[in-house]
């Protein structure tokens, strides 16, 4: 039996992966920040799947927590999505298309997807025009939902999220070189055999195939 | 060196939170009193339906409430569109929407507090008012309402505190737009998502606490001042 | 104005069944604790819904069970002084007093207002809250509140029970004036026979919900059957009389239908009608006209009826002209004087035995 | 047991300043509405904290301002009947009655318990809630609740005000027995002079917070100065007398220090001491011993004092042996009989004029 | 074909939520009554501090409350360690911790409701009890408590509803571990992360609503049944 603390955005893909694992997997989905703090407080997690490297780094610095293994397991891509009625066709059109309209993204100071998106827009020099129209949510799926509902015309979300929703269009893929690489990091905390086996399984081709089917990419080699 | 003061954005969030929570509380107070009175004294079909409806935001996860608000008051949603086209009044992604979310979340608390107060007013006094020719409304205005004053204050403080602390429904309904909808809880949430911003969290928490304690003290004082005069006769 | 009350209603313990008409003036509702007095008044006020019957005020129907009519309390224009004062604790005395004025949008009648304050002695209390008042003070304010509401019917439930003697004596004349100079039917609940004797035009006697007697106070109070309900001490006949002369020493001479009486109270205006209550125990009987006695009042009467009571006393009903008097004497005295129905006899009353509170004014 | 009360306290309107000792028996506190009666009782109960002074019960100090002592209400062992009944609305009558037993962990005294229920007539109400009781019923239950708490001091604030005459007559003998056969100091507030005359051993007269007179009821009630506070109607002297003989016709012959009197009530046991109240207005004066009159009681007295009152009446204090009587007559009669201080005179009382409720028993 | 019933995990969450919320409400009720009584009738220094403390969970964003709980009752935290070492009692990441979080969040609501009820009890009745020899405790037990019964019920239902709906503090303090700490709101949150699970969300919302309405109706009935007997006397 393995207890996994996983970033909420991994749900879906991870559930399928776990179904293939030879053993019982219990997953606690929450925000990476909450999970990391809980692990620091002695939460019974065998494996931590963080949506960003910094919360793994946070645990590395914690004197009470010993990380047995750490590895990047996945990467992802940002995409520009639009509701069915939206005008713009690519990211460069966005500033002009936004007059009177909004762009939904995750919190640009707090949530990884939002941080990466803002960094990319800044690199492209679009952020100052876009910022006044941004609508930020506490997690990336909420941004997706806003676009899907048509409440907001545009959004920047992970490709993995975009794939799950039907009533919206993917307009553009945001170039990976415009922002820090998107890294999902796995850390093994539990010392048991199952924990180690599960940690290994995440990099197993079976698992990786499922993740890719959900739109994730493999991590770039460091 | 880190400032002991809040950053400008944090101040913005504090003022916005105050505005949102005060508007939410004050505007929904009359409705809360009315509903509380209906539930306490009214006899009508559907009373328990109303009762349940009022309590819903309490029992549902805030995110769900926020989502339901979005489905009804969003720009594409029936009521939201109606309000926008008829009155040019937009709730979505505006501070007004934050106030609506806060009001909805605070409403059950206000109604309950006021209802309990109404239920303990001796109906014999209301009877006496009727013999003196007072209509229901006059009696309510001049007898019941002054007598439930402590309950109204308590309900308002409770509702206001809830409105100050509300996060889940607010961010789901109106997102987090600095200066528009970024309330203190949103700011705190954002700060908590990134390691090393605990001091920012602490400052925001402290200011929330100070405001809440201040409001509590004022409310207690209001009630005491009143009670000194009135007391149980 | 005539208030008609004809209702039945089931209470814990017994059924209440009353049927009377209250004209202008005071209708006293008299009965033991728990007899149903408050319930009757509450029904008139609309605070108790009877099971059957009707309540009307002239042509206005307040309640009619069969027609499903039940006028809301606020529309009945009553002044109700509750057995428990029910002042509004959130208002000062002044605010309590002006409540009805505000609620009904009445014009202020300054003179009436200050007269009420004066008589009830509540002017010094105006700024206080009910919690700072004594029991009697609360009751006085409650009376004032009802009087100032310009009602068409006045309901008074033991209004003076918590007041001292002196205060009662101040308030009673005011109620008399209200009785005589307004058109109001007044329902008055009281345990005090002397109050009822002084104020009531009509008496409704209740016993465990049953209406035992209804009639003019003079009849009910000189009735030998009613005696048991009125209490030995206070029981006595009520007479009407007319002022004949006011003597220099302050004694007033009055003429009742039965004869001439002296009352130790100055009544200025001649020809004024007054009512006298003469307690059965204050009337002595003498076979001959007595001399050299401080009692100034001697009426020649005929013994109309004699009823033996418990405790070896005898109640004698006297016909003095058209008036009826009652006298309570001992069995021993009766034997001593050998009293028989139809016998002529002298009723001896001390002037002052017509208790001060028993001398009421009566317009007419 | 002696209750000492010596306190001053500032109230709205005036200061309260009283100082009296209440021995076993009834101490009546008498005064107009708002005079401070309830405040005195509340101070003894511990519900009002006086500004200055002490309250002690024998050696127990309830309150001592200078020593900072203020014993909690619950530890004072009092039975308090409030002016407003204050029944617990969440309990049945039975539960209200047994509240003190449970609270104090008292043993049940079954006989006492049923006697109290019997006298107050509340046995049929046991299963009801206070909201289903009439005003008088509530008050009776409140009296029962206090009596069943086995108190060391009894505080009664107008306990009988809302009761009818008949019910009062049933309860009064019970209070008399309590007075005479227990060691309890009883503080009794009442507006009824007749109740006080019948029950009180001692009277404390209050006027706007000032203690005007304290003394045995016989003294205070025959005092010409106290007269104005007692109300004209009810005013009269209180005498003690001993039963001499019970005659076959039910008349009881009693011996007071001033002479022999006939009372129309059967008092079975000879030598029993009784108290009589003789209203000033029930006493006629005669220069010679009258004959042929139903009044059986004639006492030879001497005029001790004469006081002119308002309304042309005169109050005459009579010394009949060591007893004092009062007689109120008209100025006219006084002139007619040419009364002077020191003059011998006959006081004429009708047997029955000693009102039934005025005949109280007195142990001794 | 989709089942109209809930998935097994959802049922687990429902039962866990019921357990958590009932334990939270019932265990904290006596404390809530005591604190409400202190605040309503007590006179002591620090009363306003207590008052403020009780209200804090309301005014702070739930996430902060959860975080503070984690910092005090976590396994590495002072009180958490003490409880674990002394009594072997672990709160963190157990349903007991979820109950603690729910209790803390519900506490201000319960206290306020009960306090309002206490404040409207006529002190004259308590005085009367004292003259009959009743100690404060006896008076409270036999006079005050029965009279505030409607307020206690109202407070309990309010608290319970809040405990059922609590999300932010719970997920932050005890995480979202199915079968251990995954309550209905957490399950809703988790379900919202995956597309196509809306029907599951809907079912969970519906079951929350049904439970809450049921509890409301029962509480109203309890109070009415009682009031029928007692009424304002």
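Residue numbering begins at 1 within each chain, and the chains themselves are lettered A, B, C, D and E in the order written.
Keep this in mind: a contact is a pair of C-beta atoms (placed from the backbone, for glycine too) under 8 Å apart; a residue touches a chain by one contact, two chains touch by 3 or more.
Please read these numbers as outputs of a predicted model, since none were measured by experiment.
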{"item": "Shortest walk length in steps over touching chains, chain A through to chain D", "value": "2"}
{"item": "Co-neighbours of chain B and chain A - touch as defined", "value": "E"}
{"item": "Chain centre separation in whole Å, for chain E relative to chain C (CA means)", "value": "60"}
{"item": "Centroid distance [mean C-alpha coordinates] between chain C and chain B, Å", "value": "57"}
{"item": "For chain B, residues that touch 2 or more chains besides their own", "value": "124, 189, 192, 232"}
{"item": "Residues of chain C engaged with two or more neighbouring chains", "value": "84"}
{"item": "All pairs of touching chains, each written as two labels joined by a dash", "value": "A-B, A-E, B-C, B-E, C-D, D-E"}
{"item": "Partner chain B, residues of chain C touching it in the complex", "value": "45-47, 72-74, 76-80, 82, 84, 86-91, 99-100, 102-104, 129-131, 138, 145-146, 149, 155"}
{"item": "Chain E residues touching chain A - in the complex, by the definition given at the top", "value": "63, 66-67, 70-71, 74-77, 80, 92-93, 171-172, 175-179, 181-182, 189-190, 192-196"}
{"item": "Chain B residues touching chain E - in the complex, by the definition given at the top", "value": "48, 51-52, 55-56, 58-64, 108-109, 112-113, 115-117, 119-124, 150-151, 154, 157-158, 161-162, 164-168, 184-185, 188-189, 192, 201, 205, 208-209, 211-213, 216-217, 220, 232"}
{"item": "Contact footprint of chain D on chain E as seen in their complex", "value": "124-125, 127-136, 138-139, 142-143, 146-147, 149, 229-233"}
{"item": "Residue ranges of chain A in contact with chain E within the complex", "value": "3, 5, 8-9, 11-12, 15, 26-30, 34-35, 37-38, 40-44, 64, 139, 141, 164-165"}
